[in-house]
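Shared chain: chain A. Partners: chain B in the first complex, chain C in the second.
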Partner chain A sequence: MSEDQDKYIAEVVEKALRGDMDAINNIEDRVTRSKAKAALIKAKRLSKTAAAEAAPAEETAQTDTTLTEKSLNQKVAEALAKKFSGSIDSEDVNEYIQLNGKNWFEIAQYLKDNPDLLFDSLQCITGFDFGEGEALEVRYNLHSMTHYHAIEIRIKTDRNDPKVPSVEQVWRIGDWFERETYDMYGIVFEGHHNMTRILCPEDWEGWPLRKDYETQETYHGIIVPKVKEGWE
Partner chain B sequence: MGILENKFQDNVVVASMDKLLGWARSTSPWFFQFGLACCAIEMMATAASRYDLMRIGMIPRSSPRQADVMIVAGTVTMKMSLRVKKLYEQMANPKYVIAMGSCATSGGPYWQYGYHVLKGVDLVVPVDVYVPGCPPRPEALIEGLLKLQEKIQAERPLTKKIA
Partner chain C sequence: MGVVHGDLMTLNIGPQHPSTHGVLRLKVKTDGEIVSEVEPYIGYLHRCFEKHCENVTYDQVIPYTDRCDYIASMNNNFGYAVAVEELMKIKVPERVEYIRVIVAELNRIASHLLALGTYGLDVGAFTPFLYMFRDRERILDIFEALCGARLLYNYIWVGGVSHDFPNEFVETVYSFLDYFEPKIKEYNELLTYNKIFIERTADVGVMPPEVAISYGVSGPNLRGSGVKWDIRKNETYSIYEKFDFDIPVGSGIMGTVGDCWDRYYVRMQEMVQSAKIVRQALKTIPAGNVHQALPKKIRPPKGFIYKRTESPRGDLAYYIVSDGSPIPFRLKMRSPAFTALSVLGEISQGWMMSDVIAILGSLDIVLGEIDR
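Up next, the complex of A and B:
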């Protein structure tokens, strides 16, 4: 009996080392199960010391692969350059991918539907103002629930006539994100079904988060930047 | 009460109509139930069982037509200021306003740079009592309500005002 048991335990521990913990957890007999667990811990400790001895060689091997392996950004940029030529603005794609807005709607659809990318979630749209005389920018943070990876897309647009294609039809959350960006920066998203302000009143003047914004003096006869006399 | 003293049976109280009206109004100032920001949480706590606004005759009403007191509890944005004004205009006379918290009294933390915040609700509607605090505790709000009751009681609605 005990020989059979030893054999069985060895078998189960091997399974568990390969990642199948259920093999141990499903043992009915409590004593056998605890013995198997003890054996597993022993086996792990043994393999750890063995791995520590072999570690230096392994480490160098790993750094080699990361050098040769392409990052996600590079992969996406290459795919876009192949499919939508002339849409990428900057060569440097290490942190983000700079697009010029051309074909952005089609690119967005491609990013969402391509089985290798599957960016099914638009996490955020950010507006950005570089200051007087400079361009405005829109930044998209995309994330894939399936592959668990993320990229950032940036699109620059002219300050005096800011226009970016809308991706509201690709990611539904883009509806409100784009309206908020429009509200704060005045960037018009072409193709949006309802491009109106979302937070400020509809008849508000100016774009509050632009660097050259100046608050209007009155709103429907109410003083806006009021500093009451004799209060300070 | 001078000449009327001891002229009636027991359980009869004699008072001037002015005082009676003041007393009736001050002991049942129903308030308009709406909150704009974090102050509304304190207002809700004040109305709930621990502080129990009902014991000073205050019942929350959901319509401005039925309310006597508007407690402006929270940050009034420019967008909301027009609505607050409209709600105040919809209330029936006599009506009173309490500015609760620093946002409603002066703009609060948005005093200097908040382009979207009304710098005090008194720019839009006349305020009777200011309750400072950010947000004020229920005790502070109740203090403000008692002050308002005093104010209402001191009113003489029937006395002709000499201009």
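Up next, the complex of A and C:
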């Protein structure tokens, strides 16, 4: 009997663990029921410690994945350092690769064509402003449709004379993304065939997404209403 | 036969024109009836969404994301919420994940219905448009019962959703699915296999996969070119890995791989897959509290994130930089329709004037999202 009973208890405990407490509550025999409840408590305690043990294991698993990501970033950084010496600005390449804009067009071509990397898709170009009086930055998110991996490349540029080589010939979407970044930050992409505003009207004054942007007072004779400071 | 080059004529389409799906202006240079150059001019709906975001708190951004892609607001909310949650490392309750997947997939169906219906309208088929809008209306009614809004939901919040399902919601969705799934056959008979429709769209505006990738085209447009790429599968987020669904890709049944008909048909098949996901989710949705994980104050730690999700139009990504304050330091939205429109000039060269309209319609753009 006891073996059968043990089996039965194990079954209902498993059901209860999945949230079906009725499986235990419906047991008619009181002894069996209390045994099942005791087993449930025990199982819960066990699973808790197991979870606590599993948690650090998960953490190590996570660091493992970051390791592989790291190795991709590092691999790219090493390859670039070898082929284009002096193009990488920062030693730290864990999250992104900081370039200085030298040879950026050739580097982009290399990243796209190298069979180990094959970054054939330019996902996004993000302009970035560190704040008044500081540098501007362009951030490229690249992705490979073959290897399914992605990296981020950043290029800093001077605020007063922002210039970055254009990559529209490498990735065709670069055309519009670069125009958008130019429109919002005034960063000129050298070698772009049509460096004009894309979202704002042609005669718009200033670069809207810069942190020190000031709204123009009138636009085509229309007075621009002042917005109160602080929107909260 | 040699090509005769006469003088090029410049033709202006839009900004107010029914076939441009919003306020879009196309400058078309034609050689007789043959198009030699198309240049889209955008920005008529520009509101500088990103500048607004730098002035409001994280939760106040969500209504703005609604207004970017107003056809699929749920998916926009979803992408933003997922990005901020990953930045803050919030884990949302299981029930919330299910609710989000259900509403996002329903919204995908609604969005595709609009895309396909208006596409039929573009190429001259009026009736399917009415059929599809009739069915889209039912989804909008479902959403209205859910959160009170028909188009701009502000439903998916960071850490949760605004309301739990109302009473009998699950039954309503089931009855909608029971009604909707047989309708696919009806659409196919009405439009997909219509001789005139096939003549207008098959072999027209072929987009080879390498062109699509180079132009950053994504979503159904990319899959129409035969590339099997879906963020829901390839870079899975939320709980999409729990569901069983296929990624339909274009195979050139009626003409060449990557033609307008393929892009159209991928959307049609995707609706079936979305319905399948909704069914699975409804069957296994757990109980729980949807407000449990809502943070009191959204204040992500210093850092940045680039998070992609699959909206009905493709890879919708948010690049968020946080400086530790309750206001985003920088928020960039990578909109899939923006990249889809950029390819128009490339793939419509050499086609007839009327084909440009067919190609533009097949890309399924939403100007609110392009101009932001």
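The rule we apply is simple: the second predicted complex is superposed on the first by the 155 of 232 C-alpha atoms of A that agree within 3 Å, B and C clash if a C-alpha of one lies under 4 Å from a C-alpha of the other, contacts with A are read in each partner's own complex, and residues count from 1 in each chain.
In this text, contacts are C-beta pairs under 8 Å (C-beta built on N, C-alpha and C of every residue); 3 or more make two chains touch, one makes a residue touch a chain.
Note that the coordinates shown come from a computational prediction; the quantities given were computed from them, not determined experimentally.
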Superposed model, chain A: greater residue contact from chain B or chain C: C
Contacts of A:Pro201 with chain B and chain C, given as first, second, both or neither: both
Which superposed partner A:Leu122 touches (first chain B, second chain C, both, neither): second
Touching partner for A:Gly191 - first (chain B), second (chain C), both, neither: neither
Partner chain(s) touched by A:Ile223 [first = chain B, second = chain C, both, neither]: first
Set intersection of chain A contacts, chain C complex versus chain B complex: 199-201, 208, 213, 231
Interface residues, chain A side, partner chain C - complex: 95, 120-124, 126-129, 139, 141, 145, 148, 152, 171-173, 175-177, 180, 184, 197-201, 208-209, 213, 231-232
Chain B contact footprint on chain A (complex, rising order): 199-201, 204, 208, 213, 215, 219-220, 222-228, 231
Complex contact set, residues of chain B against chain A: 78-79, 81-82, 106, 115-116, 118-120, 123-124
For the chain C and chain A complex, residues of the former touching the latter: 42-43, 46, 48, 50-51, 54-57, 60, 210-211, 213-216, 227, 229, 234-235, 304, 306, 308, 315, 317, 319, 321, 330, 332, 334, 338-339, 342-343, 346, 371-372
